[in-house]
Amino acid sequence: MKGLQTEALTIRFGGLTAVDGVDFSLTPGEIVGIIGPNGAGKTTLINLLAGIYAPTSGRVVFDGEDITAVPAHRRAALGIGRTFQLIHPLEDLTLVENVMTGFLFAGRRSLRAAREAAAALCRDLGLGGLNRSTGELNILETKKMEIAKALAVEPSVLFLDEVMAGLNSTETLDVIRMVREIAAHRNLGIGVVEHVMGVIKELTERVVVLDGGRLIAAGPYSEVSQDPRVVSAYLGGSV
Amino acid sequence: MLTVENVDCGYGRLQVLRDLSMEVAGGAVGLFGPNGAGKTTLINAIMGINRVTAGSITFEGRGIHNRPTHEIVHGGIALVPQERELFPGMTVLENLRIGAEQVPHARDRGEETLETVFGYFPILRERTKQLAGTMSGGQQRMLAVGRALMALPRLLILDEPSLGLQPSIVHELFTILGEMKEHVAVLVTEQNVRESLRTVDRGYVLENGRIVLRGTADELANDPEVERSYLGL
Amino acid sequence: MSSIEQRPRRRAPWVFAALAALLAFLPLVAGPYPQTIARSVLTYMMLAISWDMLIRSGQLSFGIAGFFGLGGYAAAIGATYLGVPPVLTLVFAAVVVGVVALLIGAVVLRLRGMYFAIVTLALAEIFRIVMHNWSSLTGGPNGMLLPRSAFDGNSVATYLMMLVLAAVVIGVSEWFRHSRIHFALTAIRDNETVAASAGVNIYAYLLTAFAITSGIQGAVGASYAQLFGFVTPESSFNVNYTLIPLAMTLLGGMYGTWGPVVGAVLLGVVGEYLKLFIPYGHLLVYGVIIVLVILFMPRGIVGLVRGHLERSRRTTTASEKGGAA
Amino acid sequence: MTGFKRLQVALSVAAGIAVVALFLWRPTAVVYGLQRAGLYASIALPMALVLGIVHIVNLAHGEMMMVAAYLSYAAARALGIDPLLALVPTTIVMFIVGIVLYRLTISRTVDGPELNQLILTFGIAMVLGQAVNMIATSQPRKISLDYVSASATVGDVSFGVYDFVFVALAAASLAGLYLFLKKTRLGQAATAVGQNPRGARIVGIDVQRTYTIVFAISAALLGIVGTFFMTKFSIFPTVGGSYTMRSFSLVAMAGIGNLPMIVVSSVILGVSEAAIQAVPHGGGWSPLVFFGLIILAIMIRSFRGGRA
Amino acid sequence: QEGAAEPIRMGGVWPLGDITGEQGSKSAQLAVDELNANGGILGRPVELVVIDSEFSPDKGAAAIERLATIENVDFFIGGMSSGVHLGQIPALKRYRKITMWTGAASHLAEEAIGPDQDWYFHLHPWDYNQGASYVEGWTAIAERYPDIAIDRWFLAYEEGAFGSASFEATQQLFSDMEISGESFQSAAAGGGDYTAVLERAKEYDPDVFIWAGYDADALPIMEQARAIDFAPPLFVGAPPGWPASFGESGLAEGVTLYGMWAPSLNSVSDVSAHYYQSYVSTYDEEPATYFAPLGYTAVMILAQAVEAAGSMDQDAIIAELQNIEYDSALGETISFAPSRVISNQGIRQQKILQWQGGEQQVLWPFEFATSEPEYPFPSWDR
C-alpha cells in the first residue's frame, strides 16, 4: 500500500477531542482537500500525520508500515512533508539555507549537495535572491519558501496548510499552478487545507470535511459542497 | 475624520510608504493591494506603532502621528491587528473587559458595550470563561474584533480580518461590519476583495507604498485592473 | 551555479583568526606575566566559546562552573588515584565530564529556556556539594593537591598547552559553525517543530552539543587544576566561571566563535589593566563597562563590526550596480 | 481540573502531610522551616513579578535587596532610630531607584536580544555591590536588636518567634500582589502586558509605563524585605548574591507567572531544609535537598506537561 | 654609584575589596612610609606595589607574575585566604624571592609549598598550630582558674574549608575530652540560620561552645542562641574578624574569642600602641582584624633583616630572618622555626580574648593578659 492511511486516529487535549476517530488516506498522485470550520482539527490532523503529536489512540500507516510511534524527524526522512499554517521561518538562516535543511537532514545529503539541490528547487519555484534573510521576503515568497522547505524532504505525501491564505487572486492562481506542477512532476499525494473554496474547487479531486474533530463528509467538492451538514457547519450562505 | 497627508514611513533604511495621502470620512473604507504593498505599514503608522518620517496624520482634527499607541487608542481609534494579539492566558471575558478598562471614555460603559459585542458574536457569550489561547482561529478573530469594539472607538481598523476564517464566518463578519459602519467608521484591509466590496463604501488600492486607485465600491468593482488582480477567484 | 557563487564569502573570520593567532603567540616573546594573563584569558575564552556553542541551539546553560569544577576534580582524582599523567588528565576530564553530561542530558534536555537554565545551575551546585561532602575521595572542603602538575608548572610549556587546547576548542566551534551541526542547532533555536519536520533529530543534536560543550568545560577545568596544582570546592565551582564567560560572549557577540574570543580578550585584558590604575574599586568600573557596552552595542562587538562591514558592503554593491546601470 | 492544577494540589497536599509528620517528630524544625519559607518567598515574590511581567531575569535582584538593607541601616544609624522605622523611607527610595534603573538602563534593552537584559542586570549587580563595598567596606554590619531574639516557650522548647515577620511579609506580599494584579486597573494592565505587550498597547495600555511601575514595585518590595532582612541578618556587600539565585530557582520551581505556587515551593524547600538539618550531621547536605527538589519539581512538571 | 639610591621594592598581594586585604595593604604602606621617613632601608628608599588578588587564585597568581617580572620587586608580602594562596604557590616557586606571607592557614598550602624552601616565610599560624595553641591556652586557663570547666565541648563550624578544618583539628587535639559538633552554612556563604545547630548544642549541654564561622555570623548567632535560651558557661566565637561595632551590642559581653591582636594589647605592647596610633591617625579608622597589624609586621620584619644583613644579598637576608627576634605589634616576639613541612614558620599561637565592656581583652597567653576571665558567660536576661 503506497501512501498514508490512518485508522480511527484520535487525540485529546485535556477534555477536548481535537481529532476524533478519523480514517483518512492519501495516495501518491492525488490532491485531496481537507476543509472544515475553524477549530475542526485540520491542522491537528496534519500534526498527527507528521509526528508532531502522538495520538491518544489510532494508527498511522505509511507505505504499508505502522509509523504511529515514529518521531517527526524520521517521518520527514520517510517522505512526509508539510507546511505550517503559522509560518515560522528559521529566521537566523537565509532563504536557501531554510530550504537546505530538509535536504541535509531528511535527505542526509552533504552540505554542498544540499545547497545545490535547494538552489535548484528554489529556481523551480521561481524564488530568487537566495541569500536574503527571511525577514526580507514578501508574503508570496515566504509561502513559496514554505512549500520549498516541505519539498526539500523529498516527500511522497505533502500537506499544505493554508498556504494561499493572505494572497490575492493573481498570486493565488500562481501558487495553484505551482502546486499542480509539483503534483504532476513528482507524483506526490497532496493534502490541501484552505478556507478559500475557489482554491479547493480548482485544485482537488476529492475533499474530506472535518467538524469537531470528526470526518463528516467526503467526496468530490461538487458533491460535498451540497451536503447540508457541510453547508450549515462550514460554508454558510456565502457560496 | 482621519486624514493621512503625504506620509513617508518605513523600517530603517527601507522606505515603504512614499508621500501617501488618504482619508476616512465615515462609513467603511477598504484598503486593497498586493502583498507587501504597505497596508499593514500604513495601519501601524496610523496607530503610532510605526514612526512616520514625513507628512501628517490627523484624527478628528488632532495630529496623531508619532504619538504613543495608547494615546491614540484613548483618542478613539481601535485596531484589530493581523496577528490578533490577544492575551492568551486570560479568559474571553477578561480579554473583552480589558479592552474597555484601559480606555477612559469606554470604561464606564463597559457592561453596556459588552452586551452589544455579545449581540454581534453570541459564541463569545457562551465561552466567557474559556482561555483566549485555546479558542480556534476564527473564534479568536471574533474575540479580537469584540475587544476592539469594547474601546468604543469612533474609528475601527481591521487588518485582514478574514485571514484564515471559514467561509461562513467571513460572510458573517462582513455582515456585522456592514451593520457597525452605521455608528463607527471602519477602515479594513482585505485580500478577500469580493466580500469586502459588499460592505465598504469607498476603497483605495495600494501598490508599492503608493495609492494607485481610489473610488467608490462600485467604481472599484468595475475597474478592469481590480477585476483582474483581485476578483479572479 | 551562479546562485551558489552568490554565497557571501567569509573573509572576516580568517582575518580574525590571523589576528587571534598573533595575539596568542605574542606572550611567548613577552614574558611570564603576559603568559599568565593569556592563560587566564584563554581559560575564560574556551568557556565562553563552549557556552556559545550550546546557546546556538537556544539552550541557555548556567552550568559552566559545574562542569568546569567537575573537570578539575576529575583531573585531580584521575591523577591521584589512577595515576593519569598530567597532560592526559585534560583528555580524561573531557571524557568523564562528557559522559556525565550525556547521562544527565538524556534527562534534562527535555527542558527549555529558564527551566533548563535553572536546572543546569542547580546541577552545578549539586556537583559542588557532592565534592564538598565526599571527603574520603575529594578531601572535602579543603580540596586536594595534584600530585604533580603539567610540565612542572613551566610557564612557556603550560602556556603552549593552553594554546593548543584553545586551538582545539576553536576548531570544534568552527566545525560546529561550518558543518550540518550549524544548520541543526540554528533550526532548533529558531523553531523546533519546523526543525523536526525538516528531519532534524533534535534530541540527538542537543545531546551531542551538550556533551561536547560540557566535555570542553571539563577539559578546561582540568587545565586549570593543572595550572594551579589544586582543586577546592569553593574555587573550582566559583559562580564566576559561569557568569564571566557569559558576559564575555554577550559582549563579544553570540552565535559564532569570534564573539566569545573578542569578548574574552577584551574583558580579560581590561580587567587586568584596570586594577593597575584603580587598585581599590576597579571592579566598579568593570561593571560600568559591562553596562555601557550592552546599552550601546546590543549585538556585541563582533555584531557591531559585522553590521558596519555589511552596511559598507551593501553600499558598495549598490553603487557598483548604480554605476553599471 | 487540568493535569497541572492537579499536580499543584497534589504537591500542596504532600507538602502539608510532610509538615505534619515532621511536626510530630521535631516541632521546632517545622517552625524554623516555615520561617525560612517566609524569608524565601518574600524575596522571591518580587522577582517572580518582574520575571512574569517584564520577562527579565534580574540578576541584580539580591543586590537591590542588599542596597535597601544598607539604606535602612544607614538611616537607623544616622538618625538613631529603630531600623523598622526606616521602612517607609527605604521603600520609597527603592521605588524611585526602581524607576531610575528601569528607565535609564533596562528600558533601553527591551528591543535588543533577550539575553542582553541578563548581562545588563549582571553588570548592574556588580556596580551596586562594588559601590556599596567602596562606601561601606566589606565588614559586615548588624544592629543589635532586642526584639530579634524574642522567644516563645511551649512545654520545654523555646524557639525564636521574630522570624514569623517573614511569614507575615510573604503572606502580605502575596495577598497584595494578588489584589494588585486582579483588582486594580494597573494590575490588569500589567497582567496583559506580561502576556502580550503588543496586544497591550493596542488596547490602550502604556507599556513602558507599566513595565516601569512593575519594576519599581518589585524594587519597593525589596525595600521592605531588605529592611526586615537587616534586622535579622548581618549585611555586607555580597549578602544579596545567593538570594538572587535562590529566588530564581524558586520561581522556576513554581513555574513562571505562578505567584501562589512560590509560597508552596518555599514551604516545601524551607521545611525540607529544616528537616535535613534536624538530622544530626545532615546540615552539609541541606543545599543538596534544596537543589535536588528544584530539579525534581521542574522535571516532574516537564514530564506531566507532556508534549509540544 | 646610582644603585645606592635605587629603591627597595616590595610586592604585596591582598584581596583589596575585602576589609582584611584593604587594611592589611594600608598597614603595609604605613610601615613603608615610616621606614622612608627614617631614611629607608640601607639608606635606600622603600616602595610598595600592591596588586589586588580579587580573592581569586588565578588573579592572585597573575599578581605574583606581574610583581616578579614587570615590577621587579625584591620581596613578596601580603596574603589572605588559603584558596588564593594555593593558586599562587606555583608562581612563587618559580621566582623563589623572599616571601613574607600573612595569610593562608590551611595545611594544604603548607604541603603545596613543600620542604626545603628557605625563601618562604609564613607569619600566620597553620590550622594545626592554631588548634594546638587552643589546647594549650584552655589547659592553662583551666589550671589557673579551677572554676572553669572545659570537659564537654560543642563545636559549631561553618561547612566551608575554614570551619571544617577547625573542627577536625579540635577533634584531634582535644581527643581526651568529650567533643561533639555540627556544621552550619555561614551567612557569608548565603546561610545565616543557626537554629538547628544551636538546638543540638543546647541538648548536648557543653561546658564550652565554640562557633567557627565568619564575622557575618557573629551577632545573628548570638541573637538566635538567645531566642532559644542557650547560654553555655563559655561562649566562644572563632571568626577571623568581627563585624563593625560588635562591642556596642549588649550581647557581646562575656563572649570569648580567638584572635591575634586587639587594641587592648596597646597597654602591654609598645609596638602595638605605636602601630595603632599611627594607623588611626593616618586612616581615621580602627584596624578591624589582625590582618592589619600582620601587614605592618611583614614589612617591618623584612626591614629589620635587611638592615642586619647589611646588603640585599638573598642568602644573607634569609640567614638573618632565620635568626631574627622581632618584637611585633601582635605582642609576641616573632622568630622563625620549622613547622611540619616548611622551614620558616613565624607565629604559632592564637590568643584567647574576651569581649568585656565593649572591647576585646586578652586572657591568654598570660604574659599579654589585659584582663581576668569573666566566667561563666552571663545569662541572656541582662
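To keep things simple, chains are lettered A, B, C, D and E as they appear, and every chain counts its residues starting from 1.
The definition used in the following text is that a residue touches a chain if its C-beta (ideal position, glycine included) is under 8 Å from a C-beta of that chain, and two chains touch if they have at least 3 such contacts.
The structure presented is a predicted model; accordingly, all values stated were derived computationally and were not measured.
Asker: Moving only between chains that touch, what is the shortest number of steps from chain D to chain E?
Answerer: Between chain D and chain E, the shortest chain-hopping route counts 1.
Asker: Please name the chain that ends up farthest from chain C once chain centres are defined by their CA atoms averaged.
Answerer: In terms of C-alpha centroids, the chain at the greatest distance from chain C is B.
Asker: Weigh B-D against A-B on C-beta contact pairs and write down the one with more.
Answerer: A-B
Asker: Return the distance between the CA-based centres of chain A and chain B, expressed in whole Å.
Answerer: That gives a centre separation of 30 Å.
Asker: Any idea how many Å lie between the Cα centroids of chain C and chain E?
Answerer: Roughly 38 Å separates the two chain centres.
Asker: Rounded to a whole Å, what is the gap between the Cα centroids of chain A and chain E?
Answerer: Their C-alpha centroids are separated by 75 Å.
Asker: Any idea how many Å lie between the Cα centroids of chain C and chain D?
Answerer: About 31 Å, centre to centre.
Asker: Please set out, as single numbers or ranges, the residues of chain B touching at least two other chains.
Answerer: Residues: none.
Asker: Going by the contact rule already set, what residues in chain D reach two or more other chains?
Answerer: 130, 133, 284, 287
Asker: Using the touch definition from the top, which residues of chain A touch two or more other chains?
Answerer: Correct list: 52.
Asker: Can you check the complex and tell me which residues of chain A touch chain C?
Answerer: Listed in rising order, the residues of chain A that touch chain C are 50-52, 71-74, 76-77, 81-82, 84, 88-93, 96-97, 100-102, 104-107, 111, 115-116, 119, 122-123, 130-131, 149-150, 152-153.
Asker: Which of the residues in chain E end up touching chain C in this complex?
Answerer: 16-17, 22, 50-52, 54, 56-59, 61-62, 65-66, 68-70, 83, 86-87, 89-91, 93-94, 106, 108, 111-112, 159-161, 163-165
Asker: Please give the residue numbers of chain B that touch chain D in the complex, ascending.
Answerer: Result: residues 47, 49, 68-70, 73-74, 78-79, 81, 83-90, 94, 97-99, 101-103, 147-148, 151 of chain B touch chain D.
Asker: Quick one: in the complex, what on chain C touches chain E?
Answerer: Touching chain E: residues 31-33, 35-37, 39-40, 43, 132, 139-145, 149, 153, 155, 224, 227-230, 232-235, 238, 240, 272, 275-276, 279-283 of chain C.
Asker: In their complex, what parts of chain A are in touch with chain B?
Answerer: 16, 36-40, 85, 138-140, 162, 165-173, 195-199, 202, 234-239
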